[in-house]
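Here come two complexes built around subunit A, the first alongside subunit B, the second alongside subunit C.
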Partner chain A sequence: MSAPSARTGYVTILRRDLLLAWRRRGEAAFPVLYALIVATLFPFALGPEGALLARIAAGVVLVTVLLAMLLALDGLFRPDVEDGSLEQLLLAPQPLGLLLAAKILAHWLTTALPLLLASPLLAAMLHLPVAVLPVLLVALALATPLMSLLGALVVALTVGTRRSGMLLALMLLPLMVPVVIFAAGAVSAAQQGLPFIAPLAWLGAALVLALVLAPAACAAALRIALDA
Partner chain B sequence: MNPRPPPAVATLLEVRELAFARRDEPVFGPLDFDLESGEIGLVEGDNGSGKTTLLRILAGLLHASSGTVRVDGLAAGDPAAAGTALLLGHQLGLKADLSVRENLATAAGLYGRRERCGLDDTLVEVGLEGYADVPVRQLSAGQKKRAALARLRLLPARLWLLDEPFANLDRAGIALVNRLLDVQVASGGAALVTTHGAVSFRDQATRRIALS
Partner chain C sequence: MNVHSSPTLWNRLVLWYHQMGSPPYFYAFAGRWRPWFIAATLITAAIGLYGGLLLAPPDYQQGDAYRIIFIHVPCAWMSLFTYAFMAGCGLVGLVWRVKLAEILAMEAAPIGAAFTFVTLVTGSLWGKPMWGAWWTWDARLTSELVLLFLYLGVIGLYHAFEDTRQGARAAAFLALIGVVNLPIVHYSVVWWNTLHQGTTVQLFGPSRITWSMLWPLLTMALSTHLYLGWSLLGRARVALLELEGGKDWARAIALKEASRG
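What follows is the complex of A and B.
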């Protein structure tokens, strides 16, 4: 009776969460629709002047995508807490951090990836110059996993509290300020024809750090949250 | 991972002066008891006497206020002890959108599987024949319970921590729980079962732990 390998555990959770998302695939469209509607509101509020929109486009897309992810984050651990499967996860003879990394990856794939795919459409709606689009996509590809990892940590900390949605926003969004600065900085540098590698490299470094630390921190936070 | 051969009689659970207080309000304890392989412990107490809390402490989910718990010789919550104990709580830990088969495969992927224990045979044993591919959402409360019992049968845990296993079950289901407990005891495992005393329990219960 030896326990399955950590790899088996990781794949098991990844497959389970992807399968669950597939069973409720309609819900995957919600964050995308939300981002689409929010991005549509800006031209109405500011007027359809192309030059103005082009200047703010990257920032609007970035913030909209992050806010859409924020709405979906609450679903990361809450269903598992409610049906008791999180307890089974905690008690399994597996490294909890690794299982949570699988959950976070599945969550990123099912919420952030659709947003990433929709972001060229959002950018086009806001007259972002096509030449800058690749930089925006790279910035988003680095910023969204950071949002998922930091978000998972905050969700784990607040999972024991009721009505944690607002608390989640208040705790997580300040943490995202540096991410927004570097991601938006890269795009605006590219827009002005300046070098944009440095801010992207900073995002990449932060992502590596979060990849290593966040799942383990998340595991500790969940153990504390359930110990009440 | 750690192929320790199970000794003939092992003390699977060792509880010493275990007490729990919620906001300085004592809930139970101090408790002292052992549970050896081949034994079934019956935790008795009224609603609110801390039966669920006790099981959560023994599983390592909750910290006791004082006292020690050792599972198979290791401190509760020690990663090396993980997987020895299996908790069946009020929340069954089943995903409503997944089928019975997918739920059990997930559990086996995390905890491993008992030797010579096929999924389909197990489903027959717990009376869920033909329900393997039905989403758990569509099962009745009793059938969900049976699906969770199938997990007990399938996973290799030597110590079962069962919180009100008889709830929601019909007569045949109660007999099923007793049969599963028999198999567990015969294979050198042990189980700790909570009940508020409404169910006429098998007379083999070898140890009674009263919470007041």
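What follows is the complex of A and C.
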């Protein structure tokens, strides 16, 4: 019996993870709820003046979305480590990087996409000018997959450890700095009426690079962390 | 080819490298060299500080406040050098699974974090009278802060594992990710700064540093390198004993120490 093709493996993992997420679809609301709570706290802390909120709105939405993703990252491999299916993935004849890419895609679809859909609401709450909203959405659409890929790389290193939310944040921060700078740079340039294509292009280039390299690096990290 | 010829320099180097991979050999080697390292550290630090704090002329703009660079700049250099050393050892440990390389990488991390911390503290002490602020979001300062987080991440990941060697390999991999990430962070922060029109204070400006200030600086740089050697060898010795506590050579050392009283 020959092993199923890599394509079959990819589709199977993607379908399995999406199905699992669908069975627990209530959980998809948690990151959105978290982002909503954090975004609500900012006007209380800074005062309700529209002008001030409009100036910081894009940055707040961006950081809130990334923090909500950080909270959800722990769930990427944890259940699979606990029920042993991750070790089966490591033993599978298909390339591990490809199978992990399917897992990362499923994770992005179930955690980042709801956040992306909710972000216009958050932006409106903070009085972000409507004209800038498309730029923010494009920046988020490029930044969140990048965050998922880099986050998967970091979270793969911690699968062998006990629960480590704070450690994850500490490890991810240096990787997030450039993402935040370019995403926020694009939006603030758009807000000032300046050209905003360059930072978005940088984000896109980084995303393409991460799409190719991160799953393979993630596979290497997973093998190290599980000593397999 | 004459097989009986005396060993070449390369052969000696290869032999030395392989001997260093052996824990008992390294333990004895480190014990022999540590006193020399600390002696050389103290002598060069005394010369460098004397030259820097007393002999070097005051700066025409900053007066005596600039003298903090004799601590600050060597520490900043060392924060990067130690990171490179850690990542290099980590790579050797990951590829060839050399136990000693893993230990050296992990024991270098706290020293590098300390150098980074000292750099940040002395920088902000200098920044208060010069810039009027403890902290500015200058590209170099921000990169140094991110470097500190990288070190802390490596240390944290290393200690999160139950198994020391597994933790060392995972943390070494994180250190290698950091090598790729650090230049990206630095250039993105530079870009961010120009976009936001931040402070454009030049640390040294176009004027070149004079010899009377340069030689104490270089002596201090040498001293911090020697300090790294002293600290690293000591830390690695302790880590080796912890890791190899059950082995015969560690037992022999313990018995020898006990018989000595």
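List of remarks:
Basically, the second predicted complex is superposed on the first by the 227 of 228 C-alpha atoms of A that agree within 3 Å, B and C clash if a C-alpha of one lies under 4 Å from a C-alpha of the other, contacts with A are read in each partner's own complex, and residues count from 1 in each chain.
We adopt the following convention: a residue touches a chain if its C-beta (ideal position, glycine included) is under 8 Å from a C-beta of that chain, and two chains touch if they have at least 3 such contacts.
Computed from a predicted model, the values in this text were never measured in an experiment.
Contact with subunit B, but none with subunit C, is seen for A:Arg16 once the two complexes are overlaid on the shared chain.
Once the two complexes are laid over each other on the shared chain, residue contacts for A:Ala3 go to subunit B alone; subunit C is not touched.
By the touch criterion stated above, A:Asp227 is placed in contact with subunit B and with subunit C alike. Applying the stated contact rule after C-alpha superposition, one finds that A:Pro93 touches subunit B and leaves subunit C untouched.
Legend: residue contacts after superposition of the two complexes on their common chain; A:Thr158 is shown touching subunit C, with no touch to subunit B. Contacts of A:Arg25 after superposition: neither subunit B nor subunit C is touched.
Of the two partner chains placed around the shared chain by superposition, subunit C is the only one that A:Leu170 touches, whereas subunit B remains out of contact. Within subunit A, the residues touched by subunit B in the first complex and by subunit C in the second are 227. On subunit B, the positions that touch subunit A within their shared complex are 1-3, 59-63, 79, 82-83, 85-87, 89-98, 102, 105-112, 114-115, 156, 158. The touching residues of subunit C, when paired with subunit A in their complex, are 94, 146, 149-150, 152-153, 156-157, 160-161, 163, 166, 169-170, 173-174, 177-178, 181-182, 184-185, 188-189, 191-192, 195. Those residues of subunit A whose C-beta lies close enough to touch subunit B in the complex are 1-4, 8-9, 11-13, 16, 19-20, 23-24, 82-85, 87-95, 99, 226-227.
Taken in their complex, subunit A has these residues touching subunit C: 153-154, 157-158, 160-162, 164, 167, 170-171, 173-175, 177-178, 181-182, 185, 188-189, 217, 220-221, 224-225, 227.
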